[in-house]
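Here come two complexes built around chain A, the first alongside chain B, the second alongside chain C.
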Partner chain A sequence: MSNRLRHFRQTLTAAALAAALAAPLALTVPGVAAAQERGGTMNIIVQPEPPILVLGLNQQGPTQTVAGKIYQGLLTFGFDLKPQPELAESWEVSPDGKVYTFKLVKNAKWHDGKPFTAHDVVFSTSKLLMETHPRARATFSKCEKIEALDDYTVQFTLKEPFGPFLQAFEVSSAPMMPKHIYEGTDFKANPANATPIGTGPFKFKEWNKGSYIHLVRNDEYWKAGKPYLDDIYFRVIPDAASRAVAVEQGTVQQTQFNDIETFDVPRLKGLPNVEMTTKGYEFFAPLSWIEINTRNKPLDDKRFRQAMMHAIDRKFIRDKIWFGLGRPATGPVNSVTRFFEPNVRKYDFDPKKAEALLEEAGYKKGADGTRAKVRLLVMPYGETWTRLGEYVKQAMKRVGVDVTLETTDAAGWVNRVSNWDYDLSFNFVYQYGDPALGVTRTYVSDNIRKGVMFSNTMGYSNPEVDQLFAQAAQTNKDEERQQLYSAAQKILVEDVPVAWLLEMEFPTFVDKRFKNAVTTAIGVNESYDSVYMVKK
Partner chain B sequence: MTAAAITPARKGSGFWSAFARNKGAVIGLAFLTLIILMAAFADVLYPDSPWDMTAMPFQPPLSEDALLGSDTLGRDIAAGIAHGARVSLLIGLTSTAVAVLIGVFLGAVSGFYGGRVDDLVMRFTELFQTIPNFVLAVVLVAIFTPSLTSIVLAIAIVSWPPLARLARGEFMSLRSREFVHAAVTTGQSNMTIIWRQILPNSLSPIIVSASLMVATAILLESSLSFLGLGDPNLMSWGYMVGAARTVIRQAWWMSFFPGIAILLTVLALNLVGEGLNDALNPKLARKGRS
Partner chain C sequence: MPRIALFISQRLVKAVFVILAIAVFNFFLVHAAPGDPAAVMAGEAGAADAKFVEQLRQQFGLDRPLYEQLGTYMSKVVQADLGYSYRQQRPVFDLLMDRLPVTLSLTLTAFVLALLGGVALGTLAAMRAGTWSDTAITVVGLTAYATPIFWIGLMLILLFSVNLGWLPAFGTESIGAGYTGWDAFLDRAKHLVLPVTTLGLFYMAVYTRLTRASILEVRDMDFVKTARAKGLPEWRIVSVHILRNAILPVITVAGFQAGHLIGGSILIETVFALPGIGRLAFEAVLQRDYQVLLGIFLLTSVVVVVFNLLTDLIYSLVDPRIEVAP
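On to the complex of A and B.
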């Protein structure tokens, strides 16, 4: 830990030095490609329009992207998902993995001028978020006590070690909220919710509902000289085609997540004014799969599910349906997150193997060439998933399985899947950088909960897997955790509780004049205090 | 139409000669026959399912393995059009048949009995007429989940009111005619009078509007499929246009050919409807028969 800390201090000093050197250089030698200059306005698409900007009260995707500039967390995470300092300048973990001590930066201020202190951290994590934030509640309820040792030191004492505890301090997982505004009030009805106050590099200025959200530079920001941009406009553009046109015409300088439909991506990628990256989603790292109701025949047979893995060409799905975005998945853990295990049973695309497995399982071809019939409830999340449904139907037909497609609306989909009224469906979930946060919930048997979406809706139950996941969460030794998760992944890939499809990627388009937009694993949800514009 | 109205049709071949006098109607009938043949022989022309990915995706028209090109997943557009013809015609005809049943029944009852029954049925009809057709169809299909049956029923439910009004008008006017009075005095039951006396004499305008209604039904089905509310297991023209809409800038052919198929079918049906109107115009028909 101390090594890592030293490393951080070094990089920080180096960065400060570079900035100090670069600023006068840019002034004295105009014409030389500019370093981080002040000034510039960035227009970013936000879609759909967030309901509220107070990150402690709402953590929907669009809220995170906008409010990530206003609020901050104690930590942020690099592309490798290792913690980096934000409002906490250093931290220590006790050898038994139960006590976490954070040293906070001393010069951070709320947008209304009040200093940010350890009492805000205690209030946020033990009071406000416990009431308003399901994910934070799950983590911080593992704490025996949370206390401020002095104004700039906070200590969390856990009841038992919890591997991914540091992950919980990312900005959307635990945004720091001002105690002096929220204490003793009804959090959700607080009039201050209309004018969010955080510690971040940008301050809330104006929200023209249905049109734009305007954030301006926080001149009192605690990182000297930052941010570089004068202001940011988040533009609400509900129509997908209009969003693509806005990028083409250069009226917006950034899009993220699902803003641009997959079929528009190849076209926009070729534009001269923007750059596309798929980095910056490592913390979310979604994985998509065919959800399989293992209670129903013939899906209760492991060999039938393995046959599905062989019958479906994941490369075709990536190339033709997702237009090249994503990577064929090999198992339950996204390869860009922690504790991924590559040495698992491989399911190459091979209809012959699929047919052999079906024969073995006793599903012989009937007179009409059909071995079995199943229903597929197509996820109502747009065109691309519909195409996927049509593809799966045809691919399964090739090995003699007749798939009937069913369609429904978003509410109907949630209702039917969560109440186990389906054979096959699609799903994708975020993994939040650690199997204990985003993977375990799908496969452990104590999360088979009727009526709860994104639980173990397949009804998959394997005591060995339960045991491995439980052990792995209760230790903070990375090596030990890797072993346990590797073992769990090997069993899961053999059992195929869901048919994994893609490690999904989202395209982020950024105007080439804007630099440093995507620098960490939370990408576009970052504070943007180091984003700058190169003026031509 | 006006020409036909001036020159009375002759006996026997009257229907065909009146129909043939309308050039458009003949062309329309020829097109329609072609489309019906295509639907009938779809399985012979393209024995594989239209959902099969037989070609490379994004093949332009006149490619080796796809005459009209292939779509985003490599499905043959030509096969889709041939098999889609079945779906369009099937839905067009059955939903019209159901609409005619509902509409004529309610119209007949209302026109024949008049009075309070008429009031009641017509208020009920107006209820449906005040709701925009397409919106109601979307709502119905969305509620009952898209399938062949729900689509046919939804289209029928939004299409019957004009037929009911038409049938009512016909029944009201025919009711006071001598032959109906004669039937009443000979002691025929109401059902017999409606079924044997009035209905055969009011069929012509109903057939004409029904033929036009088939065209509307096909358009409605296409629009529903375009919005993704089609039966997900049936290949239809509207679905093809809807699915290809997103890539129209990269691959025009995917939406162009099914669009043309819809256009030609609906146009053909309208032309045939016009022709039928000429041939079956009530005034002419009566003159021809008397």
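On to the complex of A and C.
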């Protein structure tokens, strides 16, 4: 922990130093374009292939990575999750936390040449995204009014303070969409969806479905001199083994998220031509868990769920199934995001404690040594989860619980989990930089909604937790929020509504010739306007 | 000739009913799978609310009763309209046409090479039955047939692409190289070598074994002895007398396989990252993209029916003893 923090601080210092040095250098010796040269083509894996590239209409992971180069948000976020300017050059929050005023950059243009103005922001946040984007809908429905004060000033007035409001302006959470193209149309059927128009540093050129997406440099980009790369190809390579070969051969220069299977990671890490980093996922900070249907026996008993926490060796899972990627989770909040509480009940790996808890709950061993039987619906998101399923079955067997593994595909999995037709399953969700955006939804009882995925599908309900989460969202005073979230985390860890497994880390492999790929908390989804290639 | 015309027209009329029945059956088949495209997209988005799923179902027309959806689908099918993929925001016909060239260049090349190579090797093996060359051909054929096709593909990639660096490992072209004319053709051909070899080896093994078995049956028959007694040269005995009589089972299997060429090969297209119809179908299954899936099923069934008809016609050409009967 402290080691990680120190490393973090060093990086920050280095980044600050580099920034301080780079600025005057660039000004004083304009003729010598020392490091950041123009030119170069980057090949990046995209997997699975996105259905469409219009970020306002589709927020699937791969869509974000590709469309993040085409579209932009008002803000982006540093590794510390502090907001940084993007399309908004500055912003102000009123002391009561209800009024947010953004000053926009004045020279940004859409790819078709029209200027980007405050009216686009108002249209995106109050019209388009309200219709098409579940997360944005949740945030912007808290606004009483959204108005353009002039062409380059936007003001959001909230009904009541909402702590993580700024986080909602990250590119995938609120991508800015062109009003002149979408206003008054059926957004999803707009023919312009085939040729996305954004403000970003790269323009859509061509999409050869099933093969590649080609983006080219936006010569009219509003940040002078940027971007450095000429073009980016996103390559669709559906087979995991072939993706690993593509990295080894240097056919592609970047992979992200789950592109590389965990068992291939140690091998690729040793390659001389690429570098691996796990930074750049802080904004998403995914947390994985065993999803528990608390309506079903014996899972309705808190002691049974606590026993599961003791029976499963999270360190083993991290080391042997995820090959060292991630950190054993201690509770509902990922430790790299805000308002994490370390002082909660600890569940060390201890099968004896697990058995004692099961005895106490009345689950005695039968003649065949079995205390209880449960089903586990394995998440169909790759081989790693299948292996996890096999491990959980073994680990639970050791404490006398018989687990039956069930398999399905993605559609079947969503269908069954969202309709509560399961005992145990796996899941992982993004936390979006703030508990109010990514954590609350899993545990509060007003989000128990049949048929809706990533809601409180466990059916866990605790009025005290509901109250704490509600209060914590309605203030923007960090100290107060920390207290409320700490209290909520302590209760949740005691109740075990899900059995947390890992704070997940994803490996990003980048060719060593390409610099600045991962510079913020949204990592590979950044605009890549400062990525450059070192030519030798 | 009118006999053949009558035969063909009667078969075509039957074919229309067969295809319509298949279309109805397919419709219920794809809807029998759990979950729907809205569920898949909600799962992919990583966040959802009730409105999100409801909107999608409405857009996809999934909020209508199933019989109504069937009616809409069938009325489009009879107008030769394959429908629209809301997920990909394109007409299904366009999606299929995009993928068809890649699939056909893969499967047709592999098929033709495998058929020629398989018949040649099978004949060679049968005529030298019991010698070392027969044993070698049989062993290689059996191995190619029994080894999982994706594994052969990966091993070929490892050998020719990773270790030797002779051939590209995947894709259909060198992306961004900007080749034109002859260079572009060569580049595409190079990209096809490994996938075609992998798929072709499998087909070839089938034809080799079939041809060998069939020739072994024919080569000792009386008319072959007669031909030999007449003093005909050996190549003529093999090609005209033996092969022509032994080829029927090969034609049956080839006709059957030709009908499936258009469906592509899911495994080959996946391992070699080829944007073909096999992958489109596989992804459509996972995404519950009903329209795309139904479109592929329909197209495939039409082609299978047509090739069955062609196979019957070829029989009568190869073996005049077989007559087409209406």
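By our rule, the second predicted complex is superposed on the first by the 502 of 536 C-alpha atoms of A that agree within 3 Å, B and C clash if a C-alpha of one lies under 4 Å from a C-alpha of the other, contacts with A are read in each partner's own complex, and residues count from 1 in each chain.
Note that a contact is a pair of C-beta atoms (placed from the backbone, for glycine too) under 8 Å apart; a residue touches a chain by one contact, two chains touch by 3 or more.
These numbers were taken from a predicted model, which means no experiment stands behind them.
Applying the stated contact rule after C-alpha superposition, one finds that A:Glu390 touches chain B and leaves chain C untouched.
In the superposed pair of complexes, A:Lys365 makes contact with neither chain B nor chain C. In the superposition on chain A, A:Glu406 makes contact with chain B only, not with chain C. Within the superposed three-chain model, A:Lys320 lies in touch with chain B and out of touch with chain C [touch as defined at top].
Touch criterion met: A:Arg267 reaches chain B, while chain C stays clear of it. In the superposition on chain A, contact of A:Lys159 is made with neither chain B nor chain C. When the two complexes are overlaid on their common chain A, residue A:Asn43 makes contact with chain C while staying clear of chain B.
Between chain B and chain C, C contacts the larger number of chain A residues.
When both complexes are overlaid on chain A, the residue A:Val378 reaches chain B alone and has no touch with chain C.
Shared contact residues of chain A, touching chain B in one structure and chain C in the other: 408-409, 412.
Of all the residues in chain C, the ones that touch chain A in their complex are 33-37, 39-53, 55, 59, 87-89, 95, 98-99, 102, 150, 154, 157-158, 161-162, 169-172, 175-176, 270-276, 279-280, 283, 285-288.
Looking at the complex, you find that chain A touches chain C at residues 41, 43, 48-49, 51-52, 58-61, 132, 134-135, 137-138, 188, 193-194, 208-212, 214, 231, 233, 235-239, 241-242, 245-246, 248-249, 251, 408-416, 418, 429-430, 441, 449, 451-455.
Across the complex, chain A meets chain B through its residues 261, 263-264, 266-267, 320-321, 378, 383, 386-387, 389-391, 393-394, 397, 404-409, 412.
The touching residues of chain B, counted against chain A in their complex, run 49, 51-53, 57, 72-74, 142, 145-146, 228-229, 232-233, 243, 246-247, 249-250.
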